[in-house]
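Letters A, B, C and D name the chains as they come in the text, with residue numbers starting at 1 for each one.
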Amino acid sequence: MQLLDIRNLTVEMQTPQGIVRVLDKVNLQLTEGEIHSIVGESGSGKSLLAKAIVGFINPNWQVTADRLWWNGKDLLAMSPQQRRQITGRDMAMIFQDPNAYLDPNSTVEQQIVEAIPQGDVRGTFMRRRVDRKTRVKRLLHRVGIRDHEPIMDSYPFELSQGVAQKVSIAIAIAHRPKLLIADEPTTAMEPSTRLQIHRLLARLAVSQQMSVVLISQDVGSILPETKRLTMLYCGQLMETGPAKDILSEPAHPYTDSMIRMSLQTQQELPHKARLPTLPGAIPTLRHMPIGCRLGPRCPHAQKTCVKAPTATHERQRVYHCHFPLLVTSS
Amino acid sequence: MTRYLAGRLSVFIIAVFLLTVFSFSLNYFFPGDPITNMSGVRSFQSSYPLIMEMRGGKENIATQYMHYLHHLFTGNWGQSLSNGTPVFDDGIQHFVASMELIILALLVAVTLGLPLGVFAASRFRQGSDKAVVSLAMVGYSVPVFWLAQLMILLFAIKLGWFPITGQINPLYGVEPQTGSIFIDVFLSNSEYKAAALQDAINHIVLPVMILAIMPMMLLLRLMRNATQEMLQKPFIKAARARGLSEWRVLVKHAIPNALQAVLQQTTLLFSLMLTNSIVVESIFNWPGMGNWLIRSIFERDYPIIQSAVLMFAFVILFFNLLVELYHGWRFPIVRHEQYATR
Amino acid sequence: MPHVNLYHHDETPSPLQLVWKSFRARFLSMAALYLLLAMILLVLVSPLLAPFNTSTQFSDAIALPPSWVESGNMQYLFGTDDLGRDMLSRLLIGGLYSLGLPILMVAVSSLIGMSIGALAGIDRTIKYQSLSRLFDTLLSIPSFLMALIIIAILGTGFNNVAFAITLSLIPQFIFVTRNAVHEEWHKDYVTASRLNGCSKAYLLYRVILPNVTPTLVMQLTVSLSVAIMDIAALSFLGLGIQAPTPEWGSMLARSLDEVYLSPWSMVLPGVTLFVTIMTINVVGDSLRRALKERVNS
Amino acid sequence: MIKAYVTIAAISALLVSGCQSEEPEPAPLANGIIYCSEGNPDTFNPQLVTSGTTVDATAAQLYDRLIDYDAEQQQFIPALAKRWETLDNGTRYRFHLREGIQFHSTGYFQPTRALTAEDVQFSFNRWLDETSLYHPVSGGSYPFFSATGLDQLIQKVVKIDEMTVDIVLNNADSSFLANLATDFAIILSAEYAQQLLVNDHPEQIDLLPIGTGPYRFENYRKDVLIRYSRHPEYWRQGPGIEHLVYSITPNANKRMLKLVTGECDIIPYPLVSELNALNREQLIVTNEVSPNVSFWAFNTQKEPFDDPMVRRALSHAINREAIIQTIYYGNAELAQSILPPTSWAYDNKGIQYQYAPEKAKRLLKEAGHSDLNITIWAMPVQRVYNPNARRMAELMQSDLAQIGVSARIVSYEWNTFRRRLSRGEHDTVLIGWYADNADPDNFFRPLLSCAAVATGGNRANWCHPGFDQLLYSAIATTKPEERKALYQSAQHLLNQQQPLLPIAHSKRFQAQQRNISGVELPPYGGINFRLATKSTAEDETQ
């Protein structure tokens, strides 16, 4: 069974200039224990998708979907309390700027303790205290912090970003969630730290039997263990499917350009060489093109692109394009 | 913390030093003979030459200042120009009486203002929030002396619930020893302590109420805004997403962080409190520092003006020091920010 | 390849415009602003508007209630006081002392305070930092107390009171301006401009000032309400503007003797004072709110 | 959180119910009276002052005199002296003292003996005899006695035996006994004075007083209160209460509010019209005719007030009728002379102080003044003769503006005010006088004689030899017709010279709780609590 099943998720925002559709009919399926990457440039709505899943929404956002199921239960039909309970129990999320998501005036220990489910701690009052402490230590060890003593008594502002992110992960996994959403957890971190965090996530996915949704800006920084990949552009789903297939054979022109750019940036460019980017710039929220939002920038765009393309299903892949690069066998 | 503590203490000590310099220079700003202004002894009085000698009146200004400091710290604050009583002894009583009033009002303001502020923030932009905030705006804008008169007309004259002047009915024979009426009732040898206590409570209700209103409304608004701002912060959202109950999010995360922001505004709170206490004490004939200061200005009793100002300023500095120390102790990020280089 | 501009670009509003926009959006803010402007206008033209001289005593109309009361007289719209002086004229002219004078005092003290504060805000050495810390501590002494000290030195009287309150307001302006300028000064965009070789004066006026203006205007409203409150409280205590001058605080103080005979003589100045202060507070509060919205958006 | 609110509500409910409890008043409240006086006393010895506030607070409460004046019977009655006789053609008075009169026994002094002739002799010599050790103590100025000339009149005080004392006059004086019965001629304890000399604190005689009066001194806190308790060994019928507290409340409005809330039992100088508007059943307002006058005095030693024409001009500018209506609410009589109409020497024939602004302008012009800038000093306290001097000054300010004179109102705290007044710092002053005795002389010599200039009693600083001559002739004779004629010419001279403008003769008001009785307002001076009693609710039901 699908752990998470999203069909046609639409999020609309109220802005002074009127209603803007920031997520447009996005689909996402997730099975247990898999690592799923969502890739898109800034403004593509990938963070928003994650927030919509965990119910992290502002009151002036309008969320609609044909289906937003978690473990077979409809999240949208629930009361906010019920939903918060479920997401609180089953899901967890970590963020790009870990320090902002930690309470500046509580110690690391206090914050991890708070995340440990009450039911886990047993015994008398004194025993419980000791038990909690050992659990905190264990969690810190699990996220790769060996020297736990100074860290436990620290305040968030005293931690480096990497350590803070590890602490965030420790808080996230304290209640053994089924799903961990990592929203660009390693952007703005130095490569070694990034590698550590990535490895940690991959290991946790395996050892904790936990699904991981990893959101990142470019294809190059996704985990090697990624099973499925979803490409978003301006709130629209471009392509989704098994990561290996997509990376080797992109069907969508957008995916193609993203992959090429990622490869190019990893090698030295000759002097005055053109970057393999798409022409134009990402449109602002207020000026979304109609139809396929990639339209104005797409090298293959034609007149029909002003109509939104329907989904093309091919094996395990789905893509939305009138003129896919992949020539289907059928 | 040690560094923070040392920093704050040294600033405090330097501020107090500057304050003594200021109050010393007041002797020269005030009209008349500086030695008289300091000591309250007039030049035609027989003890004047002795005082002149003791205060270094014929020597240079630095020596005079040292003499002044010496007198200040030994509690020899001169005598009143209008009735010759020692200023220090009087001052202590007035000081304690004021503090009693101010601290009680502060307690009322905090116990009502903070919860109401959190309440309003948790109902942000709903009807009850708007009602509370409008009330706070009104309460904050009423001139305290007008409010006092209206309250007197309502509670004392119309309803006849509370008396309007002094600390206690003088017929109870409770003489001020400390200045704090509750302690004085306890120390007195009256046979009717219970009745006297009741009477003292009756006397203090109205001034405390009036004094508390403006700071309460200020706190309410500060707390509402701070809490509301905190509730927008990512870590609060993260805590919510983690499935913590709204109550726990509020109590454990939003309120402490909002308090940190509110505590930074305490200077404003104290200055409002002290300003209003001067007016309220004058209206209610409360034998506190404010009343003392105003009366001494009318009577041009310079040694008293000087002492009252000194005590007022010292109280503010001291209160601020306490709050800063608590702030630094409770919220380590404050200490961090203080020394973070920008 | 020519780049076709497919998307039309909006003018990016300046920070000031942004604040004004969100300020304008709220009915209450605008209502308060208009009321405040109306009051200031009223005060400015009050000598023309006032139907009578404030010291003229109508011996045939002593302690006459306002016109809306049955025994009132339309000739004296707000009634007369115990000496038969027209309340409306006294309230109007009183505005000169209770609102006009504070505006003047705030204007003078803000000019002085802001210039010092701006200079202090851009100078930043360790020695200076510890000094300013000390300065802040001493600034915590309330302005009312400062005014009292100055009055104790100089004695009461119109000029002395005006001088005392003006002087006592300056520190707050220095404090706020310094903090605001300092905060902007260390923002990256200013650093960038500085690296571009802009002069300090240019930075201050062209780069920083537009960004701190709303904060300063907010402080203006705060100081104005403090000044009004201070001058009224001083007069109420008998240390400010003296009795025959129709200042609202002193009118209130002397009306207490006949609260029961002519309650309007106490209620009217009080209400006027209250509405004035509240209007200013609402404007200030709305400004703070608009400012926050700008920062948040 | 909710619990906290409930608790707060409960506490406040308790407080409120507590204030309204029906329980009988606790004992200290039931047998004590609070009198909300209008100001601080300067001292506790009325010999040293003429200030009514000090006299009210001390004379009748702490001390006794040799003789008293009974206003109803219009005669002198025995007090400390059980009888007296006139000898040597009215130049020697012999007083026989009452036996066994005890001085106060307090924490600072325990008397060992009853009143004797020595005490009388000491008390008189204090202000009479410049060689007395106590004469210079507390400033050495005795304004009442020098203004009335009593210190010149009395030659010496002779002790005949332990209980008999003779007062020898330089010449016969018809006002002597009247002055002796005033609040100022009190008897101090010689024994206490001796003790203080030994302790080297003679000034304490005026600060920690000892007398024979119905109350003894407990303590005094400036601006707060004076506390008295009953003198248990008082020689005649004493008060029905144990404690008497003067709660010092200078603000008239506050005083009235305190009466309403029950914090005061009696208040002087009430805002009569306000109280009537309040219409509270438990309060009563009494009034009595009182020989007093309020006036506007010009400092005749200052330019341009040394010119009678200027003084007359300013007088004509004042609308006194309006003052009577707005300041006194009609409870006063327009003054045509410094003497009240009830006095036998009163004369208003040919005397007029009319309101004539045009004439005032003309006079001022003739005197050669335009754009005159003056100060009006308005006393900060209420007195019998003037319930609100500052407001009166405001009225006059606008009257004066009509004739082109701009006036500035000056006011200080009461003691400061009088101190500066005595130094002659004022241009003009609104003040007044109420009589200490029934003799018309009391309105002239303390106020306008040259001797009173030196003592500060003459607020106009006006010294007119002809006027002085008239006054001294008037007291030298005992024939009423002759005296009346002299006083009439004095009044005419005053009208001509106008060192001051008489404004009003006011009634004397007092407001009190209904359950207080026995508090006397003698027409000549002060307030007397000798027979004060307070009935409790229980008494009334019995």
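One rule holds in what follows: contacts are C-beta pairs under 8 Å (C-beta built on N, C-alpha and C of every residue); 3 or more make two chains touch, one makes a residue touch a chain.
Predicted model, so just to flag it, every value in this text is computed and none were measured.
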Which chain, with its centre taken as the mean C-alpha position, is closest to the global C-alpha centre? B
Any idea whether B-C or B-D has more C-beta pairs in contact? B-C
Just curious, how far off is chain C from chain B if you go by their C-alpha centres, in Å? 25
In whole angstrom, how far does the Cα centroid of chain A sit from the Cα centroid of chain D? 92
Where the centres are mean C-alpha positions, what is the separation of chain B from chain D, in Å? 41
Let me have the rounded angstrom distance from the C-alpha centre of chain A over to the C-alpha centre of chain B, please. 53
Going by the touch rule set out above, which residues of chain A reach two or more other chains? none
Using the touch definition from the top, which residues of chain B touch two or more other chains? 298, 300
Quick check: what residues of chain D touch more than one other chain, meaning two or more? none
Chain D partner contacts - residues on chain C that touch it in the complex: 55-57, 59, 62, 82-84, 242-244, 254, 256-261
Touching residues on chain D, where the partner in the complex is chain B: 1, 4, 8, 15-16, 18-20, 26-29, 32, 34, 219, 221-225, 227, 243, 245, 247, 249, 254, 257-258, 260-263, 412-413, 415-416
Flag every residue of chain C that touches chain B in the complex, lowest number first. 130, 133-134, 137-145, 148-149, 151-153, 186, 225, 229-230, 232-233, 236-239, 249, 252-253, 256, 259, 266, 270, 273-274, 277-278, 281-282, 285, 292, 296
Quick one: in the complex, what on chain A touches chain B? 54-56, 84-85, 87-89, 91-93, 95, 97, 100-106, 114-115, 155, 157-158, 171, 175
Which of the residues in chain D end up touching chain C in this complex? 252-253, 271, 273-274, 277-278, 319, 322, 325-326, 388, 390-391, 394-395, 397-398, 401, 409
